[in-house]
Amino acid sequence: MELAVEVAGVKLANPVILASGTAGYGIELSSLVDLSRVGALVLKSVTLEPRKGNPEPRVWETAAGMLNSIGLENVGVQALIADIIPALEGLGTPVFASIAGDTVRSYARLAARIQGAGGVDALEVNVSCPNVEKGGIQFGVDPGATSAIVMSVKENCDLPVFVKLTAAVADISRIAVAAQKAGADGLTLINTIPGLAIDPATRTPRLGGVIGGLSGPAIKPVALKAIWECYEATGLPIIGGGGICDTGDVLEFLIAGASAVSVGTALFRDPGRVLDIIDELPGAIERAGARSAGELTGTLTETSR
Amino acid sequence: MELAVEVAGVKLANPVILASGTAGYGIELSSLVDLSRVGALVLKSVTLEPRKGNPEPRVWETAAGMLNSIGLENVGVQALIADIIPALEGLGTPVFASIAGDTVRSYARLAARIQGAGGVDALEVNVSCPNVEKGGIQFGVDPGATSAIVMSVKENCDLPVFVKLTAAVADISRIAVAAQKAGADGLTLINTIPGLAIDPATRTPRLGGVIGGLSGPAIKPVALKAIWECYEATGLPIIGGGGICDTGDVLEFLIAGASAVSVGTALFRDPGRVLDIIDELPGAIERAGARSAGELTGTLTETSR
Amino acid sequence: MADIASPTRGVTCAATLERREEASPGVFILEFRLDGGPPVAQPVPGQFYQFNCGGGREHMLPRPLSVHGVTRWDDEVAVLKFLVESVGWGTERLCSLEDGDEVGLLGPLGRGFSLAEDGKALLVAGGMGIAPLFFLASEMDRGDKEYDLLAGFRSAGQFYRPLSGLKGGVDVYTDDGSLGNRGMVSGGADGRLEGVVYNAVYTCGPQAMMTVVAGISEEAGVPCQVSLASRMGCGIGACRSCVIEGRGAENLCVCSDGPVFESYKVAWTGAGDIE
Amino acid sequence: MADIASPTRGVTCAATLERREEASPGVFILEFRLDGGPPVAQPVPGQFYQFNCGGGREHMLPRPLSVHGVTRWDDEVAVLKFLVESVGWGTERLCSLEDGDEVGLLGPLGRGFSLAEDGKALLVAGGMGIAPLFFLASEMDRGDKEYDLLAGFRSAGQFYRPLSGLKGGVDVYTDDGSLGNRGMVSGGADGRLEGVVYNAVYTCGPQAMMTVVAGISEEAGVPCQVSLASRMGCGIGACRSCVIEGRGAENLCVCSDGPVFESYKVAWTGAGDIE
């Protein structure tokens, strides 16, 4: 059974990737999960300067999901380049850096810095973080802003560029097409969906940042729709995720149009689950009547039953 | 404990309403649930002509939610006026009619027909159904279209008009403000969120209509955020819902800005649950330190803990 | 639809598992006692209940199951029997309940089979279609009605043993011939309807099978009632989740117009199946 | 942070409930045997485990619980003790497990208390803060270390009986005076630090209490270690869910920099509490 896939020129031993922000900088997980076995590792999004993030509490469990309002706490691109990327050398697994800025120019500078430092295989451009006051999702809901960011990133680096979009828009395929026209090599779908939870006893939000991003199985149907529509609209390679917990989920994402999938929230319950998924994937692909992971991508037929 | 609330001039004995489309035309539920005890009943959305709806399967369970693709099957406004509304007379519970059209003009005509027939207490204008090819959510993501529909409805009827919006937009408060400027008396939030589920074995959608609308606890955080934002932006009375299963949920919706709440998907597991919620509400409101349901509306304080 | 048993109004109640027996691998007979005693309506064959199988907020939809028998129904106690195949989360959970465990029920729902006054009936069951048809046969036994029952199974391992206790003639079909006749149970029906004179056919099973049985019954001029399935939401006719297409291209609501329909009302392309 | 026990790397494993005992109303001692025997690292006081309490996909976040004791840890068998108050879905589920039931565990996680070489220590526990501090006291008993333990409870009903078996001096405080001293346990700590000479304070409990204890310890010039809590995601330092503010306005990661911190590192306005 062939698990290897290639997404925008990046070769992965299998299509199962660790999602940005849920696997830290890789180092934290490395004693728990054999990172050389995962398809790829997407690092926590970094900004030009280190960020402290939002007030706590930063997470809240919701039905079949969770809200987070980390607020892009990160070590900053300098520490990423100086400390993290070198530490990940020799991992044997492709590493994606993820960047987030509050201006078009900051994305360009982040891309240039990472490109210059080397050591990563691809770049994820996060234009969809719901937990920051400036930038983030404000860019990702706007085709013009998305386009400008992607262009400036592409001008400043030769790495394959994946644009991470939000599904909290009326028509995600419009944004995806804008990203494609601006030169995106691939898409990562979907980021968390903005949401709110309230403590009735105190009449205050459950999160220090008030609004948080919803992730987990709750959002899976929204993610699948986004992936299907963007695949149909652009044909770009897609890293798909949102609530993936088992191989059945992985198959759904591949069929909807993803070339690889990302696991995030499910890591919290059991970081080792991601390796189980990889182990069980060949059998699941076979039962779905395919001979490789790649063969499933985008094979949804629009008639039911 | 005062449970009675008034929303846009409609007096409800309690704030718990049955959501459109999940309680049919009331008649179906009436032997199971004492409808005279619910705050109000919102009827299934009707169109000018009867509609057959979408191909089956029409529902699929998802994690903490469900997708539906009923496709607005309904008896049409004529049968509503001739058969349904008279049968509901003497119910003792306010009845909201819900209308859905594929042109601005069709909404206007629906409003005029229902206004003329009498027997309902308010009108819900559904501009957010994700399961029809024309109209529906296409209107609800567009402030201009929403505005035009609301104006034409208001011109054609004197009933209190609630506009039912979708949260599947980048900024729902923009649409809410457009509805308000056009004369909406209240808002109903939120309709289902478009989503997709796939059967990996057949590589086909789980629903005959391919895309369906996600409802249930999975969407609760998204609904709460929408309500809070629309309440802050418009101050309009809001009927809030999305995943409500218990009194804790009801309180969260009231605090976020709802004056009344709607229960939909939870009816399927146990239609009687809605009466339990009503029975348990006084105790819950008291524990939250309030003396009436209305007192809680819009009391979210933006500091956590 | 006057000749199909008219729908009774279901009620919500809790029920406690009294007995669980594995009928064949992965198929269980479950007997539930309705807490609070018998409600007004006693279920008739073809009617079903919606099961709230638990699972917190992860599982919002109830699971529909046909009544398989009434073990007891008197002034104090109501015990109902269901035959459940474990095929997914909900049925698996039901099939692994232990005595004393509780579930939530809504029922009886829908329209059941309506029995002809006299004459001999042919019952054709495929797979789990045996659940309502065994109930029907038992009721016919009680009323001393004449019938033959054709029952199809994948193979001998799936055979439903209590069939041997029925008074009517029972003929078994297996896909692999490991028990009874080899082949499709619908083929058996074909032969029967050519020869023997039946005045009614009652069938339940996979859609392909029911389509064939409905066809040959109509050809033979014998009225045929079919028990359909489809994915359900409310179970009471409110949400329009469960509709299938009628022959006049109208919508038939499986949960409240059915699940039992006269075969000629159904457009056999879109109809649901139970297996 | 060299003087705080350095973090050991946790592992994921299944564990089986061996014993459950109600310590006080709604508070249970739960003993779990780690399936597959003891992993490399034996937990030290102050470390915690992340519990996957089940619940299908409805509950995606694990629940953090401090180790309350090591019942057995040898070449074959590892049995750990937790003291759990039932306050919500997850803890309720844990507290109603039956012997033989399984849960998923990840741990031991975080940095525990680090013991001074010699001298006498003051342990100050409020409410469920007794969970890690009782473990610490037991370990000090094993190592023949000197300590006094002040334990605060809402009232006599909440008293944790095993305290009576400790070798150190135990002083009890209740809010209503129904057992031991009336008043806040932090008040007791105040008096103690004025008089007796301790060379370390270890505390765990509600944030308000720890804030006071940290303050008076610092005033008295006695090093104080606090065990904090906050809402967690990963439990291993990857997701930055659990951070609280350090005194230099930097972020402290409760799960991997802590949960035990030297009190002077913490900005006492934003710190989490365990109760």
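Side notes on the structure shown:
When the chains are written out, they are named A, B, C and D in that same order, and each has its own residue count from 1.
Operating definition for what follows: contacts are C-beta pairs under 8 Å (C-beta built on N, C-alpha and C of every residue); 3 or more make two chains touch, one makes a residue touch a chain.
As the structure is a prediction and not an experimental result, all values here were calculated from the model.
Note on connectivity: the fewest steps through touching chains from chain B to chain C is 1.
For the pair chain B and chain D, chains touching both partners: A, C.
Farthest chain from chain B, judged by C-alpha centroids: D. Per-chain Cα centroids separate chain A from chain D by 35 Å. Look at where the CA atoms of chain A average out and do the same for chain B: the two points lie 33 Å apart. If you average the Cα atoms of chain A and of chain C, the two centres end up 47 Å apart. Spacing of chain C relative to chain D, judged by their CA centroids, is 56 angstrom. Among the residues of chain A, those touching two or more other chains are numbered 55, 57, 63-65, 216-217.
Along chain C, residues 57-59 each make contact with two or more other chains. If the chains shown are joined wherever they touch, the resulting network links each chain directly to all the rest.
Only residues 63-64 of chain B touch chain D when the two sit together in their complex. Per the touch definition, chain D reaches chain A in the complex via residues 9-12, 52, 57-62, 104, 106, 230-244, 249-251, 256, 270, 272. Chain A makes touch with chain B in their complex at residues 55, 57, 62-65, 67, 141, 168-171, 193-208, 210-212, 214, 216-222, 224-225, 228, 243, 248, 251-252, 255-256, 284, 287-289, 296, 299-305.
Touching chain B in their complex are the following residues of chain D: 57-58.
Across the complex, chain C is touched by residues 55-59 of chain D.
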